[in-house]
Amino acid sequence: MWSELRALRDEIDYGTPPRDGAPVTLTIDGVAVTVPAGSSVMLAAAEARRAVPKLCATDMLEAFGSCRVCLVEIEGRRGYPASCTTPVEPGMAVRTRSDRLQALRAGVMELYLSDFPAADIPGGWSELHEVIQATGVAQHPYGRGENHLDAPVDESNPYFLFDPAKCIVCSRCVRACEEVQGTFALTIEGRGFASKVAASQGQPFLDSECVSCGACVQACPTQSLVEKSLFVGGYRRADSP
Amino acid sequence: MPIPRKPERSVVTTCAYCGVGCGFRAETIGGRVVRMVPWKEGKANHGHGCVKGRFAFDYYDHPDRVKVPMIRGSIEEPWREVGWDEAIAHAATELKRIQGTYGRGSVGAVSSSRCTNEEIFLMQKFARVGLRNNNIDNCSRICHSPTQFGLQATLGAGAASQHFDSILQADVILVVGANPTEGHPVFGSMLKRRVREGAKLLVIDPRRTETVESAHCLADVHLALRPGTNVLVLDSLAHVIVTERLHDESFIRERCHWNEFEQWAALVGHARYSPDVVGPEAGLDPEHIRRAARLYAAGPRSTIYYGLGVTEHSQGSTGVMCLGNLALACGHLGREGVGVNPLRGQGNVQGGSCLGSWPHMLTGYRFVTDDAVRGSFERDWGIELDPEPGLRLPNMFDAALAGTFKAMYIQGEDPVQSDPNQNHVVAAMRSMECVILQDLFLTETAKFAHVFLPGSSALEKNGTFTNAERRVSMVRKVCEPLAGLEDWQITVRLMNAMGYPVHYDHPSQILDEIARLSPAYEGMSFELIERNGSVQWPCNRKDAPDGTEVLHTRSFPRGRANFMLTAYVPTQERTSDRYPLLLTTGRILSQYNVGTQTRRTGNLAWYAEDVLDIHEADARQRGIVDGDWVSIASRYGSTRLRARISERVSQGTVYTTFHFAQSKANAITSDLSDWATNCPEYKVTAVEVVRMQARQAADRAVAAEVSA
Amino acid sequence: MSGPAKAPGGEQAVIDVERLVAMANQIGDFFAPYPRGQREEGVRNHLRNYWDPRMREALLAYVAASGGTGLHAHVLDGLRLLATPGVERKAYAGPPQ
Amino acid sequence: MKEAVLPKPLRRPEAPQYPAYDTAQVAAVLARWADTSGNLLPILHDIQRALGHVPPGAVGQIARALNRSRAEVHGVITFYHDFRQAPAGRHVLKLCQAESCQAMGSRQLTAEVEALLGCRLGETTADGAVTLEPVYCLGNCACSPAAMLDGRVLGRVTRAKLERLLDAVGRG
Amino acid sequence: MVKVCVPRDSSALSLGADEVAAAIAVEAVRRGAAVRVVRTSSRGLFWLEPLVEVETPAGRIGFGPVDAADVPGLFAAGFLGGGEHALGVGPVAEIPFLKRQERLTFARAGVTEPTSLVDYEAHGGLRGLRRALSMAPAAVVEEVVASGLRGRGGAAFPTGIKWRTVAAAEAPRKYVAVNADEGDSGTYSDRMVMEGDPFVLLEGMAIAGYATGASHGYVYVRSEYPHAIAALEEALAVLRAAGWYGADIQGSGFGFDAEVRVGAGAYICGEETAMLESIEGRRGMVRFKPPLPAIKGLFGMPTVVNNVVSLASVPVILDRGARFYADFGLGSSRGTLPIQLAGNVRRAGLVEKAFGVTLRELVEEYGGGTRSGRPLRALQVGGPLGAYFDSSLLDLPLDYEALARHRGMVGHGGIVVFDDTVDMAAQARYAMEFCAVESCGKCTPCRIGSTRAQELIDRILRGEDAPANHAQLLKLCDVMESASLCALGGMAPWPVLSALRYFPGDFGLPPATEAARVV
């Protein structure tokens, strides 16, 4: 797997890890593209320069299929499969853009934004903001409902903070802690709407099993987990001994 | 929360902490580094990082940084800030004066594994052409010199046989005297990933480390041996392999010398090394030794990773040879997923080894005693070189105490804190007339220096690092040197002041010189590294234009590999009634080495002091409860630490780190060292631990001492 | 600990000779399992290639003065080999095969 | 000379301090399931059976035995409605809230029982006697509305019937 | 010695069956009557529970619903001889509700002692497994394919085809995982199998294991079913002791064993992949497919995942042959379906019928209308994710296709009846509340959408900009249906949309046009 990763260019996130199967050719919006068997439609689309919006997917992690903004249409198949979890097949004809897909993606984005601090939408520069731009959805029709906007920020770690208000529960941090770092210090606590990212038993990050490798910060698409050093005055270095 | 600022600029560079050598993008705002983002194309880390490289970069512009050169007449005097010209001239004058008074051999130099290849190369060149002797050493003396010796002796190349990614194809992973999840975290994550994928894990370590047991990572066999019995246990593994005929005869016949194998098999096959004899002696269950040996031999792809737990012993080099022998006997070399691999401590220890920063070797692991090799350097440098080996670092201290060694140019090392038998080192330092220290901070060693040359951090210069898998990666200047000069520029100026004129416009010219003079680096150039991201040596235009991932695929550097005879010789360091416990030392995830850098970062939040790990039963016997101050005394000295009752150490063993100067852990380590390389025996010191007076009184006493 | 006597002319000694003897014996311990011949040669090569000449000379001087008290027999043999003039400078590559 | 300061506090504790619990019972449960794969749910059930809840302090013990992290075990405990992190009242009354029981008046019944006990669904009475919880189907849909009192399924439940039963088990 | 059968089914127990059994024993002793009280299970005639059956030369005579207080009176009336009593229902087999059924899977329900292997064999048990073991595994798979059996858990995937995939997969281990996490309100057929005839499920599992090469099985039972768990454990012990489970079944060389796993209060674990996660000891989060569990299931190995009733239907298929089974039903809905009547219905109980019976027959003829006696207003078919129908749709036949045409589903065969007091807006809101409570929280449409839908319904009911909120609710339902990861989020809109379609007035909305009613 790593040998394949080397072929990746830095600035592109293919969404799912590369595979090394036999070549498979398919079309993405009519563009023929050849990728190894076992690759995802999402990866093929990125390869074809027809990248699909995504939030829970990143090529450092195995596909997860939770964010539902990467839906596509595949000729001869019902419904709108997630491109990150759908493996390519020879001759597959994939459509990544249509009014219907746009409507669904917009509908999902509205749900995200209904539990996201509105003040942090303009001016932001996270992956979520990129998807906001790609889908053209910057507000939601739901008014003020149940939300996580008042959850306290965890600033215990010296280097990064966790702001649950910006968390979209994509589990990228949890998965990065497991798959990339191998520490398993994070989990999702509770379930359903109450689901939230928790370190160990819901402790501050500093008191948890977290080893502060930063894989979660790296994986976070919303800057819910973000370096303190990016905030003016938000971070003080240690005293000299 | 406000919206975080977006970095303005990013520069890809290589982490200056451990030997994994992760690629990072250093991002800046207004010229200040604001974050380090793991570089997905970094071939050592594939976009991962750890608490040190990822976050603990803040030391670089810490207020403690010295930004102006300083000199003083004696170590009792206060420092006087001077200009670069004055500092360089003063240093050169002093060196020349001392050489004039005490002879050419009375001065020496130490290079730093935190500096670039180019800087290390220049340091050894400085010693050979500026000081005109071979008194040049580097910090791998005290960590991995036995690796170079032991692997050179068996396999013919003193470096890791594999690239890191190779572990993802291993079926059996043998970790000896290393704790990658703390010491080499990014590689540790890869190891754990492979274990989660089903690889068998064997660990030989006196401590029940994170690698032995943590979430989803559990060693199939953990040989928690008594410190100091590595060679005994490794020979016992070999015993099982040869007596149960688990060795790979065709590999041995094809790639080694059969008669040497027979000689070796006769040695390790002796009943002396049978698990039933070794087990009780090393504190192990003989069955566990057998199981480990069988698993390793069966593979089909078995690989060895080891660390300072192998090298830092009086038989360190022998221990490394044991590992080479094992791999040879089972044919676990020359493919993906196998091999013998040191996990190196500092970022550029491998470079330190490669670049000839040795008293007996020139660049590319070639003896100064070899006329032909020396000749090639003499032709390139246009100067005659000393044909005899110089002094090793510990011998420099010995010589200083004996009165024949008087001056030292130290680049980015802190021997007073890091080297063993601290009292001895301090006495040696005091006896010198001129210590020139080039560093970022006023370290412990600075207390004994006469000239302080403010160096540059890895964020402030260009060059290359060579990591533990022989990978040469680019170090790029992210911001301007705070003191005005990159370290290599300082050395160049000093060399010129010593009367040897040299000039380089850019470190790439130094790498070109290295390539000219070292076969393994023959094909290297900044241009090639720039193009490929990084390049693993050996790299040469003819056979390996893009470098080499796996060594020994078809043949060994000497054609065939050698089995070495590795008889067990117990260390002279023994427990006694007076010193009944064995102290072993190591490191922790959040701190790095002597802590010069990490102690000046937020990493203190995790680990703000060295503590002594002690088994519950040993603690109970001594009336020690968790958090008590204890004094630790050895035959060499004593210090005090707070005790932590720990399940990770066995009864009879205590453990500490040496990240904090005030802990003075090296006040108690012995001056015993490896027979071949003088690598100190940090891993075995007989000690006694005594509970200090009431906690608060001890707090006050220590506070007073620390702030004094 | 039964140590060797002080080296003659201790002032010139680059290192305390007691330490040199201990170091030489440690090297000897490693080569002990090798067959006679290889053993001495191993000690000789190691000292030749790794030791500062002043350290070798100090040890040889000690041997000359004391007869080598405290040194293992085959280490003494190796030292004698080292002192033999005309032995070529051979790069170290493990014990001779 | 700097002012004398006490050294930094001792390193952080490896795990947070939780109230004491019966480690031996937990160890016994862990031993019982040691050789079963995917054993976390059975272990949590057994611990809860033995101790009435899964004490937060036991999470570390469980995680170590299973070679998993505390986070994972915590994630599992909080996912499933059955597992409690704190002891329940002396009696647990679950009222079915699902459609079949709704069709037979469970909304009304729930309101009545809440009034009777003086606590809402998900709460415990002030005297600690009864914990009232929702449940989503007991499979007793042919005899709706259904309830469960201390593990015993009840059918065609009325407020009067519940009051009788609660009195019988010693409410208050 | 008269045999008196008192059910131990949990519904019967919930109504005092234990007390009745004890009272009969006490009364018998008091009267010196020779009575053997046998604890059978329920026939599924729940309005009669506790239903006491007395074995007489004329067959079993039933009395119910019996309260412990009725027992002396029953003795007095000579019930042991089948005497007349107000609670008497005559020969049980002749009760029209039962007599008109086609009981294949539930043939032994309430008849046998659930954990008596002798009883089981005496009533045709183990014949399916015996026959299977005499056949090649592939032939067993084909027999199940030919029977047309489709998964009875809700998804209705052909069981045999699934087995084929598992049988073809190469792997060091394979598993059979039985989904007994029956969480749909209004359903209890799985529970009845497990409590009343656990052997038939275990026999079906062993056949599945033999056919596909699996050696180990799990029955994942929800914790709300303590009696089912106990019955299964007991039955497993009996089968092991008799050599029908274990390393080498009856000397055939085929080894199969199973364990019971208990859920912990999570509806989503009835979704097959979430169930696998739960068995592995993790959070019951839905996995994406592919890979199908048949290729990469439990512990990463090929796994047959079947519902309880599906597997319980296998022994009769093997025993009587695929043709026999396929002759029941019609079109692509073959065999019989256990339908469960629940909610506000006079005769609540289990009806096993071939596919094709209409809702009206079920609710009116079998069910006898509402229990309250008020007019029937709505039906929910197929569990909490099933559509609500109004009485105009009572003539729909209960088969997969017909219901699908009306945006409904057979699901697990549960029908919940509501009378005219029902507030359909509250029911619609509840569907989303249930989804919010039980969502695993993985995918966003389900995790956030279910909460937002509740809020929208609340706003509609409060009359806040109802047309806009109604429109947004429809849009949200569309997103949930089309974009959710699994059926929970994908189908939670069904009850809402159907309630809006058929009962708009309950939301304060204008009546739907005829066009809106026609799907």
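Going in written order, the chains are labelled A, B, C, D and E, and every chain counts its residues from 1.
The criterion applied here is as follows: a contact is a pair of C-beta atoms (placed from the backbone, for glycine too) under 8 Å apart; a residue touches a chain by one contact, two chains touch by 3 or more.
Just so you know, these numbers come straight off a predicted model, no measurement behind them.
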**Partner chains that chain B and chain E have in common** = A, D
**Message:** Tell me the fewest steps from chain C to chain E, where a step is a jump to a chain it touches.
**Reply:** 3
**Request:** Report the chain whose mean Cα position is at the greatest distance from that of chain D.
**Result:** C
**Message:** Can you tell me which chain is nearest the middle of the complex, judged by mean CA position?
**Reply:** A
**Asked** Is the C-beta contact count larger for D-E or for A-E?
**Response** D-E
**Request:** Report the chain whose mean Cα position is at the greatest distance from that of chain E.
**Result:** C
**Asked** Using mean CA coordinates as chain centres, what's the chain B-chain D distance in Å?
**Response** 52
**Prompt:** Using CA atom averages as chain centres, what separation in Å is found between chain A and chain C?
**Reply:** 66
**Prompt:** Distance from the CA centroid of chain A to that of chain D, rounded to the nearest Å?
**Reply:** 33
**Message:** Roughly how far is chain B from chain C, centre to centre by C-alpha average, rounded to an integer in Å?
**Reply:** 28
**Complete:** chain A touches at least 2 other chains through residues 183-184, 187-188, 190-191, 206, 209
**Asked** Which residues does chain E have that touch at least 2 chains other than itself?
**Response** 266, 283, 437-438, 440
**Chain pairs that touch, as defined at the top of this document** = A-B, A-D, A-E, B-C, B-D, D-E
**Message:** Considering only the defined contacts, which chain E positions touch chain A in the complex?
**Reply:** 266, 268, 283, 288-290, 436-445, 447-452, 455-456, 459, 468, 472, 475-476, 478-479, 482-485
**Message:** Per the contact definition, I'd like the list of chain B residues that touch chain D in the complex.
**Reply:** 213, 215-218, 604-609, 611, 627, 642, 644, 662, 699-700, 702-704, 706-708
**Complete:** The answer for chain D against chain B in the complex is residues 1-12, 63, 67-69, 72
**Complete:** Given the complex, residues on chain A that touch chain D span 177, 183-191, 198-203, 206-209
**Complex contact set, residues of chain A against chain E** = 63-68, 71, 79-80, 82, 85-87, 103-104, 107-108, 111-112, 114-115, 141-143, 145-146, 168-169, 171, 187-188, 190-195
